[in-house]
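In this document, chain identifiers A, B, C and D correspond to the written order of the chains, with residue numbering beginning at 1 in each.
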């Protein structure tokens, strides 16, 4: 259920609605909008009586939400969500480039990368301190030490840090050091982890599961939103199919329905999507054209020496070229880099 | 094996190479290029001796082709293939829009559609006279009568006709009436049909099979090329996956590798790819951005009354808007509509 | 619509119903049953008036068929279909083993194989004279000469011949020489071919398409049945998925719903399903346990020298062992080999 | 690397090898066998020198393990793994039935179910106290209270408890109350959780991920084994494909290669695999025939009133019938229920 307030409604009217929702044993979610405030509620197992709310002062209407995802749906929130960070906004009007190596390999390479990114106007650094690896014997990331290196890069350059959280154990650490908490594809339905980041006060970049339907993906976002963290970025990264020309099958066609059904920003990861550096630029441009709000792309000072995912990482020259291209094309799509 | 001639090689030198190839029991494929001619050969089961050719007058070099597809590969032909029709060229520098209804429903609607397309600068009409339908009880198309209606539309408006051939029985009829012969997704590995259109002298638009790998698709093209018909357009139309937000999963990520491995033009069908009209424009723009050479899109004067595929057909206003958008964006991708 | 006759209905009553169906512009399909005759009808685009038939003499009831496939459905025909051949019946109570090489390679190897099969009580020989090959340059089969070799094997040993038809051009030839006409996975939706074999009077073994849903498969069978050929055997042979431990993903779970929805026999091809000889026996036993009516399995006198599909072919010793195992297990599943 | 000891090797010889392995900074895994002990080692990033071990007393040979999974591979351990519980062994010679409701709904229903199972000779009860649910608003399980109910059922009836662990937070609780710890399909690559159960001293039933390859699945098992917990049961439960006749596509064809590549027991979950009660028995029999070591099947006293997964749950009569059928068939496959 969504309670839409009148445009002239007083704060006390909103407070009253919140109280009534709580009195029903439900959880209110206040969503201020450009012209009016709406208040979502979750937690009901059966139907809630609309008339309970429609008689309250300042209430315009109470609307039933028909989708299984509530807070993630456009029914609940009509306007695109903007996620504001010190480094810049993510969402409508923007096309955000997040770039960096697969994993934090050393302080030197992270600082070098961050400085390069900032010099090219890229404000978001990606790099994993915790790495989900298929093999228990593969490099598992530098851990908390890696997080500290990322924080140092932010101190030095002002860049925002996007990094993956793999488990609840390190949630506080990642929340402390990161600007955006990434949930990886293998954890898209790690519900305990989703609940945990629902309690964080940092934005969450939620990768689509390797074989997740759009509805399952939005439901995963709903776990985070229902916990009270309304800052979720969806990120398509390719799905598992029979197709073998690419590492995964990048499903750009999910962008229009994702944006039609949800108000959340949608990013694309062309690096994991293709698995091959040569195809990353074309897929990045296609992501922009398809309506994505940004990309998260692997770039490495020396891709051929990368400890992981070198084959899909751009080198700096390649990243610069791609960024220039995106910058020149973005306005045609109503966006700015 | 590919025999590359010197730039000053005489026609008689080429003829000599052709003879030597035939003498080996193989089939020569002469491919004139901008600066020099190359001669491919197919039919060998084992290795062919390069030195046989390298000693011939006018021969620059003989190159082994490593891919299982030969004539379709960039190894054999480095330059992008251009397919020249009276209505315009398909290939490098162009972005071709093919539009029209799923099926020929009546003369009136085809003429109306053709006139509209031509008035908007669209030079290719698609419409099926023969329809592959899941059910034997569904409308199977107007058949030869439909072909005649399409031919009439060309006479009246000058528009080029793209229409599907489903079986060898009607190959001559479709070849007679069509400007481009479409092979549908269900027939991508109908090898007898591929061999038949290899004998046609009209370009072939070859849709990717629903679960075809890129290599299988190029091998299917090879069947047509090996028959002597070098005018093949590849067309991605979505593949079968678990994903349920769209009718098929449009695999735009196949475009860059398809163009890297082959010289053939690559089109995209965003209508079958998504199954939903609302998502067709975004996927069309993404196709352009990803490097496609054109789109084939369903458009109908009254989509809601269409005998088939109405839900994925644009109406005329929608098509016009999309075409304008593509026209304004194409130059940024080195193409013209 | 299905018209069920009373058990005592006269032949003239049946003839009357057939006439009334034809008078409606529809096609009648008379299906004699153990205790009573039923008459299906196809060709209606809208609803047919039940009362038209229920007033006729000898009619028990007229039933609407709700599935999109009509003649293939259990609604239309409750009892399992038995396909009777000189060599034995296929269907309820039987577990049929069809075995042989991928392709007819020579007369000697086919005769040797047929003799071996017959000596082990196997009454159905499979071998392709026409081979659908991914590459135009690969061995395409011996063609009509191969068919003649197969016919010779039948003359000599009495074995029934199961062989693939790839196009309408050779339909008469294959119908003449084969006992069962196989339609391959790539042609499951080659509707022109399906219509053609609907006119044949030999049973059709219809392989499931590589990415066909159960409904599409039954609709493909419906094409054959609607043509008047009621002898169709469905054959699961593995579908395309991301899974890479086997050549295809053998979908044994399709057997119970296929048999629940349709009265047609269901076979399994464990050779193409797995792509590896070592896994064929386990999948054959599992097919029996899952309710299949038979298997079609590749066996070759010298698998390592096979011209195609050697890796998935059993040798004679392996086939004999498997057959013995199936023979001993079949009674526990209410079947006999 | 695997160090195989001579059959007469002394304990002190084994201890010496263990020491040398540790001295290399690696982790030894002592695996006693029927006739001789083998000692695996993990943790090496590069190659280890075989000669280091081959000169030690009591060492037969040192073998390089070529697969990326080491402890899970047959190269490392040739004999099938048996997992011994008080209630009975799981592994060679056995066919284990694990049955019970999707979730613990109340004490009464669990006790009723446990008593029924035990009365029918079924020694393993499955039921979830923690439920991974697509929606944050759906019933999430009874939690620790549910675990206590399960423990009570064991006290009363002696039945072994198989229940899911969703996160590291509740690892100790589940380890305390469960006899077998289940890792669900969505957590197959939750590497932090896998590492945690590697430290548990209870067997782990590891479901295959929805889109996991066989190698990824074995690598997930390797995470558990590498932690020192050698008691892992693999469990196939269906994978994500385009196919829509079943909830998932049950991949029985993974059983033979899983057992060829690994020594671990392989179970099948026909309930999630099909999603439909009616098809569970056929798939259970097929699992036995394909070589599985057991099934885990949903059964509920009143399936139509189940809080989750009712459509795929057998009722008690159905379970009893299936168990009887399995019991009578198992000996033909060298197994006993």
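Observations
The criterion applied here is as follows: a contact is a pair of C-beta atoms (placed from the backbone, for glycine too) under 8 Å apart; a residue touches a chain by one contact, two chains touch by 3 or more.
All figures in this text were calculated on a predicted structure; none of them were measured in a lab.
Pairs B-D and C-D differ in how many C-beta pairs touch across them, and the larger number is found at C-D. For chain D, the chain with the farthest CA centroid is B. Computed from the mean C-alpha positions, the centre of chain B lies at a distance of 50 Å from the centre of chain D. With centres set at the average Cα position, the gap from chain C to chain D is 38 Å.
Contact of a single residue of chain C with at least two other chains is seen at positions 211, 239-242. The part of chain D that touches chain C in the complex is made up of residues 211, 213-215, 238-239, 241-246, 249-258, 260, 273-274, 276, 278-279, 282-283, 285-291, 328-329, 332. Looking at the complex, you find that chain A touches chain C at residues 211, 240-242.
The residues of chain A lying in touch with chain D in their complex are 42-45, 68-70, 132-137, 166-169, 186-187, 189-195, 210-211, 216, 219, 222-223, 226, 239-240.
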